[in-house]
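Encoded as structure tokens, here's the structure I'll be asking about.
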Amino acid sequence: MRVLIAFLLGLAGSLAFGWWGFPQLLYQREPQPLQYNHKIHIEKGSMECSSCHEVAADGQFAGIPRTASCGACHAEPLGKTEAEKILVTSYVAPERELDWKVYSRQPMNVRFSHAVHVNKAAMKCEECHGGRGSATAAEPFYRNRVTGESRNVWGPRMIRVGLKPGEGMKMSDCESCHEQKGVSAGCLGCHR
Amino acid sequence: MSATQKTSRTPRRYGMVIDLDRCTGCGACVIACAAENNVAPGAARENDRNSISLLRVFTLNNPTAAGRRTAFLPMMCMQCEHETPCVTVCPQQAVELDVLSGIVEQMPQRCLGCRYCMTACPYHARSFNWGDPSWPAGMEATLNPAVAPRMRGVVEKCDFCQSRLHAAQDAAAVNGSLDPGIYTPACVEACPTQAITFGDWNDPEGALAKSGETFAWLEGLGTQPKVRYRSGQNWLHEMAERGGAAPAKEERHG
Amino acid sequence: MADMAWVPTTMLDRKFVPRGVTRCTPARFSLWLTPWCLLLGLGLWAAYLCLRDGLLHTNMDNRFAFGLWIFLDLAIIAFGGGAFFSGVLLYFFKLKELNAVIRSAVLIGFLCYSGAVTVLAIDVGQPLRAWFTFWHPNAHSMLTEVTFCITLYLCVLAVEYLPVLLRNRQFRKIPSFLVFEWELHKLIPVLAGIGAFLSFFHQGSLGGLYGVLRGRPFAFRESFGIWPTTFFLFVLSAMAVGPSFLLIMTRVAEWVTRKRLVLESVYVRLARVSGWMLTFYVLLKSIDTMVWLNSTSRRGGFLPWEYYSWEPFGVWILFVEIGLFGFVPALWLMRAGKVNTSWLIAPALLACAGVALNRYVLTVQTLSLATLPFDEFLSYTPSWQEVAVFGGVVAYGVIVYSVLYRYTRLFPQEQER
Amino acid sequence: MFPGVNGFHWSPVHIIFLSAFGLVLSVLLVTLAVAFFRTLRDVRSGRAGAIAWHCDFEDLPRQERLCRHAFEGAAPGRLCDRGFDCRDCETHPKFATIETRWPVTLPAGLEYPETRLYHRGHTWVEPQPDGTALIGLDDLGARVFGAPEVVELPAPGTKLSVNGAAWRMMRNGASVSVRSPLEGEVIAHGAPGGQWQLRVKPEAGERAFRHLLSGAEAHAWVNAETDRLMILLSSTPTGAALADGGALVADLHQALPDAPWDEVSAAMFLNC
Amino acid sequence: MAIGRRELLGLAGGAAVGGALSPVPWKLLDDSAIWTQNWSWTPTPVRGPVTEKFGLCTLCAAGCGVKARCGSAGVFGVAPAAEHATGGGALCPVVYGAHQLPYHPRRLRTAIVNGHAVETKEAIAEVARRLEAAGAKAAILDERPGRIVSALYDRIARAKGGTVVTLAQVEDRSLRTMEDLAGMGPGTLGYDFEHAALILSVGAPLLDSWGSTGRMSRLWSRRVETGKPVFVHAGSHWSRTAQLADRALILRPGSEAALVAALAGKLAIEPAAEITGLSPASLSDLALRLREQAPALVVGGGEAASSGLPEATERMIAALNVAIGALGRAGGIVMRRPLTGAPQPPQYLDRVPDHSLDLLVHEASSAGIVAPEALLRRKLAAKGTLVRLSAFLPEAFGPNDVLIPSTTFLEGAEDARGARDAAVETWSYSDGLSSVPASALPPAEFAAQLAEALQVKVESYEELRKARAAAIVAAKRGHVYRHAGGERAEATDLEKFEAAMAEGAVWVDEPVEPGPLRAKIDAVDWSAGRPEQPSLIAVASSPRGSLSVLPAVPLASKLDRETRLYAVPGEVRMNPRTARELNLRPGDSVLVSTPFGETRGRVRCDAAAIPGQLELGACGDGSQLVLEAMGAAEPGAGPTQAAQIRRS
């Protein structure tokens, strides 16, 4: 009888650690250089996604804009927010690159072509990146200590079910979308 | 080859025709290939058998009396079409003959490093990272951003500069088409005598179709290589017919 | 050496030694183990080097992708074939003498397979990705079949050996273990069946590894059904050499422990079975070689004499493999009953050498021969790390066998004397 | 390998390949499961003791598996293959008719009263008029093991099987499980240090006691057991020499403290 | 509840089952596989936009135009500039890896004077002081004369009474002898291969990065397409040009003079055949074709890794060219207008008397073109010092030498004129594409600071460049080729000209109408001695030009050690039969000694090698010793040397 109790105790302990403790240990939270507010840029600055994240004529994707393109408008602080003060004083003035923690950063060997998806397939940014484009502040960034990737690639929960757009960017997510649309690209399509 | 790759555009079968009369064996293609594909400069221990050389130029000595004494033969992965030896043997599908481009694609991130594909390839077109590739301090700045450097323990091969294929596809996608068309791999761009012609075997009026009578090496094995050769000297044709090398006979010196 | 008092002295040691059998003193036992532990340490150090810096510590290179490790893996897996074959003979063909040696056979099989898998883990460039073969299997590849079968067969062998382990003096104190052992023992024939099924496939697909190489005419063979002929030759050779290896190991165990572990009739039975299988294998091998030399490789554009025109792989290697290591041991083993049994270890060793030579030729000669007209013949010598890792695996085998021989009853007939 | 992974497709080769290995894996797991559940069933149905004894019996050394008729010479050197369960052994009645050939005298100092029946595991059974039976440790067993420090008697109501484990005794490291001579249900425990340990309600009929030894047969058996004890003790490093005819000390454990008592008591009480 | 062993066993069993049902093992399995892809010690390229810029390769005197691919971390790839007059879409092998030179492990970071590191300013002051002291015995070695910075050197030298010297590259040797015979100034003649029908090269490695690779490669492509020109090579060993030539005459080492004399008709065929070891039929057939297959020309100059053919043989070759009418004929040796605005061409270093210099300032900024160390030491007096403006730490340097760090490939503002063999002059310049390290001095900066230290007033680099541009525009000759569009424009308007040149365009001069040129060849001495035939000869396989650049480009090992395409540095290649005769086995380390020096190597047997010949790899590290051993400093030492070999 005592053996059974010991067994159940061990079972409960490791399940608790596995489902609650392990995720805490696996991800470490890293601060963004500043709290960037997408919403205010879209509304007050009357901009849309492609004004900063634009696909150039030769198909190269600009990705996260560099400090110089922020400096174009923010040579001096336009508003009173704390984030903008940091931007101007410690990044635009000394021309230092902002070290953004990119939520959807894929490993080096993955080639995601924004030109094909945005220009050719006319997909919306929200389909993959979720509501990040209209957020008022940068959501917290969690990095997987083992793989070094952002938590947004695997997804917030251990079991990858019910993932809203922007929460999961693993290979199977891309594949399921490709399967639905019947456009399978094979290994060469997405890897380099 | 994953049969369910539904093709969103007319598939291409990229290939090459290399003119052995034009090749002067200068090696520009070898260094351009290494620079484009982020191959690390060889450490002191690397020799001609364990170095990462996706493209190698062999020196062929003319055993007969007629014709020039030597010919130089650039040889990379032949992107075999039929029963591709490496694709059929890879235990975890790390190698795949891409339906849309005919390129045999090697996935370093899925490769276990079991090296079975290297024994299967009759053209020795595959190299293995025996140690961690390392660059001298600071030289990481000269890495090509479009190519992912490989890690130790994985096999590498020529994939017709897929970085340039992707760049061509991105450029085409901006104005509405998914077809990368005929792009220029690094060795084709570097060859001073334009000995290497890159094209699409599916294209009837393409450069490959108009390259006249070509031959391939080890055609008897039935793997249908897509890199073919052309030469006016028939001692090269005869050598290509024969399979394994005969024992080293007395070489012609006169 | 005088027959010392063979009674275990320390408390812990005596608690585990099965009752009724005598074992040497723990001091002598650790004296016997020390050299093997040193070898194991050296092997672990070489393995650590290979895992830390990558495989640049080996002399393998892009032309010699397979080297000493793959050759010896194939050889010890062929020797480990004795486990499944004696299982089949005992449980299906009811050869009762093999009961005396079945536990040792299963243990040797387990050690050979686990040793081979360990060496493969180091030989593979990225061991952490080994599970990819199960997640993305390429069903056409022979290596996938090998990986699946060997992993499963390791579990089967472990389960087959479990009953012997559970009979240990301390484990049997828990009655339910003993009952589980009894129930499991009744189901052993089922396990022997799936063991044979798995072994048929992976011994075969290890042979198929080379037979399908369209790019290597020296190794490429025509298919019989969906597998190349080397598939069936490897299975047959494993069945042939398994009992011989068992015979050798039992004889060596007797020599080391200076005890009579099995009856003479067991040796005769093993030798005769091995002899028959070896004859059958050598006949088929000769036919296959003829077909290969005269039609298969010619169609690939390669002349037969080209394979054997470089030092040291002369034509002699073909005749040694089929003749000296093939027919001679086969006939000798078949006359097991009539000849002096203690000499049977000689043909058994010849048979094992023959199969090992076959694996060596298919691994090293295939890669050394030129496939392109401008290639040159290449030679390969293993580095000390490669030899040390394999030495470590052999040491692991000997250590585990010695420990299990001491603390579980491997040979039921041992106590007869 | 699973649907949805990298555009997996069910080609015939995959189906054959994966179903073959799925089959093999499931056969392996089913075999283990069957063995596991059969074990549970056996343990629950109380046959565990008998099965455990069967395994132990197989591993006993040869000279401990001699047939009862080997002692008094009826079938010298014959090994028992039924695990000492002579109740439905057909050769036992034949041997029982042959009268004993060797005169048997008890070694000095051991008393084996006629009223009791003796089991090979050194326990005695004394049937009581009310149908129950008392079970205790016989004289040789008591002398070998001496006074046990810990005795774990089975709770009243547990069912015992012949030769199954009856109760467990421990003394400075040497622990032994005493074989049960009878099949039946435990009624009551004996007083600690008392003559008898258990009162058991056996199954009805003479068949329950057929496998027990009595009278001259028991005496011949005790003689063989003392010889075996001497061999066991002499091969130990202590080399205690028991001269013939010397009376056995009351508690051997005390007399020879550094003898391998774990091994010797296991041998005497038929533990493996 | 006593915790016994059974309870612990139960607890462990529960934990195990719980662990298997929790995500821990499975997530770690997946993450550890991904971890093997993202190892921190596997470098990842810097992300960022990719742009293409045009620049100038300064690794050798040809000055080809290159297209550089720049990422946000600098140049990561080099490609040919299709329309560049010299490069013309074809570059030599080494430039494709030259963008890694700035990060070469042997990059020179600090100035070194007398063996210890000093500030660059101090080093310049020290050089100025020594230049002042040396007076007339000082010389500035400018390997690529005719640049703007050469004008600065010229002014400095003249101000202090010193001289400017240059190296006689393998292309110069034949042309300078012809210029002497024709009584013309240096740099006034060039080869017009494009119209030639037959080219006889005596030792010159035409198809081995000779001259400017682009031009020779285009010539070879036309040869394959049209069959013209026919390449005939006469040499003493199977160099790459001999292997590819239509007819290769392998003659006994040192018997070039006899061959040329026979072809000129000054020596009978039989004795010439006997001396050279060729068949009389092939000699007479070649002599006939030289005259019939007009226009034919003969290119001398000898091997790259030697000091070239003896002066007498060069004079014979010049006379032969005149005899077959190649001088001044289209498809032969044509007149070339000197580069407008370029300073007076300097004299050749090997013509400077030995041990006559107290100070030699060697400007080898972009890369160490193989100036044989022995030649420089030979020209210096006993306690003379060598000042080296080099981007890399040389293999060996004297105790009281001065080393000043300089810029390398695509770093500094550079300009380049036409290759020495070109039939027309060209000029192009480019500003630096990648960032210049703090301590490195571009050549222009070095010359300016030196002039300042010597209180010599010189114009600034910009002014000189503007003056050169104005001179060219004023001459109203030639065209400007722009890379971006590839179109041609007249060089008439200064602003448009400078805008185009800033983008990396190239100005090409008008070819001179080939008029008859006369040269006095009767004074040529045709005596051809019989060279003795040593039993064992050493040959240096060193492709001229870019591949013999020191230090070797990091990826250059892909050409020799890793693929055996070229001779492997530090290896002695011989025929197996020769190895058996010398009882050497592959892998033995040996010492090869010749009359001029010795070098170490490892034996490698190769059935394709010529019996009786030892082939030494002479490019990359350790090649200085090989060059010295091959007599690169001995005038007229000839390409092959008698050699002894012993196990070391």
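Letters A, B, C, D and E mark the chains as written, and numbering starts fresh at 1 in each.
In the analysis below, contacts are C-beta pairs under 8 Å (C-beta built on N, C-alpha and C of every residue); 3 or more make two chains touch, one makes a residue touch a chain.
Source: prediction; values computed, not measured.
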{"item": "Third chains touching both subunit E and subunit C", "value": "B"}
{"item": "Most widely separated chain from subunit B, with each centre as the mean of CA atoms", "value": "D"}
{"item": "Per Cα centroids, the chain farthest from subunit C", "value": "E"}
{"item": "Which of A-B and C-D has more C-beta contact pairs", "value": "C-D"}
{"item": "Distance-to-centre winner among chains (Cα means, whole assembly as reference)", "value": "B"}
{"item": "Geometric centre distance via CA averages, subunit C-subunit A, whole Å", "value": "52"}
{"item": "Euclidean distance of C-alpha centroids - subunit B vs subunit C, Å", "value": "39"}
{"item": "Centroid spacing, where centroids are CA-atom means, of subunit A and subunit D in whole angstrom", "value": "70"}
{"item": "Multi-partner residues of subunit B (each touching 2 or more other chains)", "value": "2, 4-5, 51, 59, 93, 108-109, 132, 146-149, 151, 153, 248"}
{"item": "Interface hub residues of subunit D, defined as touching at least two other chains", "value": "5-7, 11"}
{"item": "Subunit C residues counted as touching two or more neighbouring chains", "value": "126, 129, 132, 135-137, 140, 144"}
{"item": "Of subunit B, residues touching subunit E in the complex", "value": "19, 21-22, 24-28, 30-32, 34-36, 38-39, 41-42, 46-48, 51, 53, 56-57, 59, 61, 68-70, 72, 108-109, 132-133, 135-151, 153, 186, 189-190, 192-194, 248, 250-251, 253-254"}
{"item": "Contact set on subunit C toward subunit E in their complex", "value": "126, 128-129, 131-132"}
{"item": "Subunit A - residues contacting subunit E, complex", "value": "2-15, 17-19, 22, 26, 56, 60, 62-63, 66, 107-109, 144, 146-149, 158-159"}
{"item": "Subunit B to subunit C touching residues, read off their complex", "value": "45, 49-51, 58-60, 73, 75, 83, 85, 88-94, 110-116, 118-124, 126-132, 151-155, 217-218, 220-223, 239-248"}
{"item": "In the complex with subunit B, residue positions of subunit E that touch it", "value": "36-37, 39, 41-48, 50, 69, 71, 73-80, 89-94, 96-97, 99-100, 103-105, 207-209, 213-214, 217-218, 220-221, 224, 238, 240, 242-246, 248, 250, 553-559, 561-566, 607-608, 610-611"}
